[in-house]
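Labels run A, B, C and D following the written order; every chain starts at residue 1.
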């Protein structure tokens, strides 16, 4: 294995616990990852040693807190190769980041008759904001289809860009259901050539592979901190010129330059988009998370997950009556969704839980995608740096047991 | 708790459900789904002159919990008045299922048949 | 003293540290409070023992996380005496809670020609959202004035309600600058009698005294978790009927019931307003915070701060050239803002820091209020359960030193 | 760091500022404020035929840092070209103030006079 999983697991205190007396086999990192000691310690250190509200504090504690908080922003900027840390906006989660774009940029720039293009594989977070924006503004919403083997049908995009009505293309960098890694750089090039902006949802990609905003070419990119070993928050990156020109989203303290009784002026980036008191210790924890991942190396993490996937796919295929969604190796990340002829996804998850195995069952916030494949729900196992082949073996054995119990 | 759920009794109901099908000449005919997981039940029921439920049938698709609950519920509801059904809740379903304690994630599955029948009685003007 | 401050302070690990070699005298809790061990431990416990994404998880970890997360909501509901925990919405901070009301309720209900009434003592979080909503909708914004001694001029409210054009009255339960506790129950009664809804900003009040939504009578009430010993998040409470009728604010996962390609249906409360992955451990930490405060008793905390205030006000008044803002004892909470003829607020804060004393200097996110008093900025000391008379003594001694250094 | 700030030298400039007032016949006349804390400076300056700054005066209100910085800066700017002023940054101001390291919270105070003069030179067409 490319990674020393034994050593990595020791960094995650949760693996010390037993589930129903069994070893914890955590295969639900696509929903949210576990947290390493370094991240928990970074937050505890802020709370026990340097906590105070950030900005404009003129005492040592407040300065330390502000330095740690802004220092984390610099780390995050480096993590995604953003040209300027001021383009990194701390948000509640990836969902809020995408909504921020829909509210602040969208309402001013999407008009009746315009088109927004998204894909069939989007998570609701990168679908419902655009659907509702389109409804509200009288714009058209169009979907780039997904092929039967779960790839993005890129040939369907140019026709949707041809008439010049498309103002925005929103696309996931990695599908949280299919694992698909669509050709987002090409999507961005096509969209930009047609004069449309590009929003990338990197919530699922950023924890598992290098994400470089300058190489991928989006105008906005959203990330979930809690999926990459950090606490419950996220970041939105946007091009400076765009963010500068946008009106604020939330109004209140810190985001203003001056407030008069009947009008206000806005602060500079990133503060313009950060109203009120942020989760200070959590931002520092997020900085610690990207330090932790960076020390291991995003390339190495990606290679490790590819190795697990190469091991898992053929073994899973042997489970009787299994249907695995998504493309083959090489075009996907470490997320495997499937369904069994013999068992409802709920029952798969509940029975695997008895063996200490955590997977997710449901539509994974991607109903239109499940509808496209004609199923209401699926089961999903997802890998991260702390998983190894033993975990895959446990999953496969557990699925055979499920089939035995529920098959007839 | 899950070990509880996959006991013989529930699996029996799942594999060989009681009253599976559609009741002809039904007074109540309702379909309800649980969009998060795709569970769906179609319940039909007949009431006697005094308004008591005399027969219930179901068909549908779903997990062991929702299907076993539906199967058991078609038996349990017989003889009850609409008001008695309306007064039932999670605790009654848990008792019906052999005293299992349902986790948050399964409550909606287990109560789907009950909630469907409540809705059906209301729509049929019996409640 | 009503409280055993020695014992309380031992619960807050940060007091073990020294600032410039001195004892930490933390008098900036109005900006954000320190965190007790119990809160830090509750979050650490989630991260090390029960972390998983909440809702729809069908394995033990996810169920534990969901139970802890929803359990905290029940505690918070009890803390503010909300009739139903489903009316308690987890938000990023009080600011986001107020913006949620402005976006979701405001855009549908505030029309051209309507009036929004706020007060001169509002924090920007309860001012700029209404100012911008009024500008956007072509509505009027009116201010209830503050008297010279820092009380709310309640007599000015009825005329603003008389013509029936006022649709919303937004008012702070406690001013973060003046410490004023305006008669919010009366404000709500007057507003309701005139057919207007009432938004209360309890960010500053809730940490320091009992806040009972059924007794105070607002339609919406916002709270900052980080000011009441919790982590960086907040809650919005709203009347169930109102929240039910409102459109969602942020769109994405968890807040939907069904998503179709071109339309969606919304989930029940509170989920309709909670899109995406929340800060799970932090919500549990917030629950632990209200447990901690509840065990001490909000009445006792309030009494303690009143006692400190009664001790501090006359001693502060002896500092040469001091001007203390706000009303007298009995009409105010434990926040004391002031200015010195001899020193700019920045210099006061920076010089006190040398003595380990943390206070805030600036406009405290209340520029129109400072303008009303003809000053650009003030210095602010604020008390909490871990402060005692020694802290007041240190502050007073520090201010005498400031006057000595900077006076001429 | 704050102990550094309230050294004799800065306090002297604060209590007895150099070049306090308004320069008559000024080529540059600019006011700038820092709304967060209410600091405000009004700077006036004159340039010679070659475009070098020959005199600077200031008036204003603010904290020790902004006022001492303004006072010292009125001396430091003399003899510089507008381009040389434009090239100055925080490090130069920290050096001017005796090598102090300013905390984030004070940077805006210390650089207010420099930023004001930059703006004034630009507005006067000298940059």
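In the analysis below, a residue touches a chain if its C-beta (ideal position, glycine included) is under 8 Å from a C-beta of that chain, and two chains touch if they have at least 3 such contacts.
A quick note: this is a predicted structure, and the numbers were derived from the prediction, not measured.
Chemist: Could you put a whole-Å number on the gap between the CA centroids of subunit A and subunit C?
Modeler: Computed from C-alpha means, the inter-chain centre distance equals 31 Å.
Chemist: CA centre of subunit B versus CA centre of subunit D: separation in Å?
Modeler: Roughly 79 Å, centre to centre.
Chemist: CA centre of subunit C versus CA centre of subunit D: separation in Å?
Modeler: Taking the mean C-alpha position of each chain, the two centres sit 38 Å apart.
Chemist: Averaging only over C-alpha atoms, locate the centres of subunit A and subunit D and give their separation in whole Å.
Modeler: 47
Chemist: Listing for subunit B: what residues touch at least two other chains?
Modeler: 35-37, 105-106
Chemist: Send over the residues of subunit A in touch with two or more other chains.
Modeler: Each of 20, 56-58, 62, 258, 346, 350, 353, 361-362, 367 in subunit A touches at least two other chains.
Chemist: Considering only which chains touch which, how would you classify the arrangement: line, ring, star, complete or other?
Modeler: It is other, because the touches fit no line, ring, star or complete pattern.
Chemist: Go ahead and list every pair of chains that touch.
Modeler: Every pair of chains in contact is listed here: A-B, A-C, A-D, B-C, C-D.
Chemist: Please give the residue numbers of subunit A that touch subunit C in the complex, ascending.
Modeler: Residues 13-14, 16-17, 19-20, 24, 26, 28, 31-32, 34-35, 39-40, 43-44, 47-49, 51-53, 56-62, 92-96, 98-99, 102-103, 123-125, 127-129, 131-132, 135, 141, 143, 224, 226, 231-234, 250-254, 256, 258-264, 275-282, 346, 349-350, 352-353, 357-362, 365, 367-368, 371.
Chemist: For a test of understanding, state which residues of subunit C touch subunit B in their complex under the given definition.
Modeler: Residue list for subunit C touching subunit B: 56-58, 62-63, 66-67, 70, 257-258.
Chemist: Hey, which residues of subunit B end up touching subunit C in the complex?
Modeler: It is residues 35-37, 103-106 of subunit B that touch subunit C.
Chemist: Provide the residue numbers of subunit B that touch subunit A in the complex, in ascending order.
Modeler: Within the complex, subunit B touches subunit A at residues 2-3, 5-6, 11, 14-15, 35-39, 62-65, 105-106, 109.
Chemist: Which positions of subunit A touch subunit B when the two form their complex?
Modeler: Touching subunit B from subunit A are residues 20, 344-347, 350-351, 353-354, 361-363, 367, 375-377, 405-406, 408.
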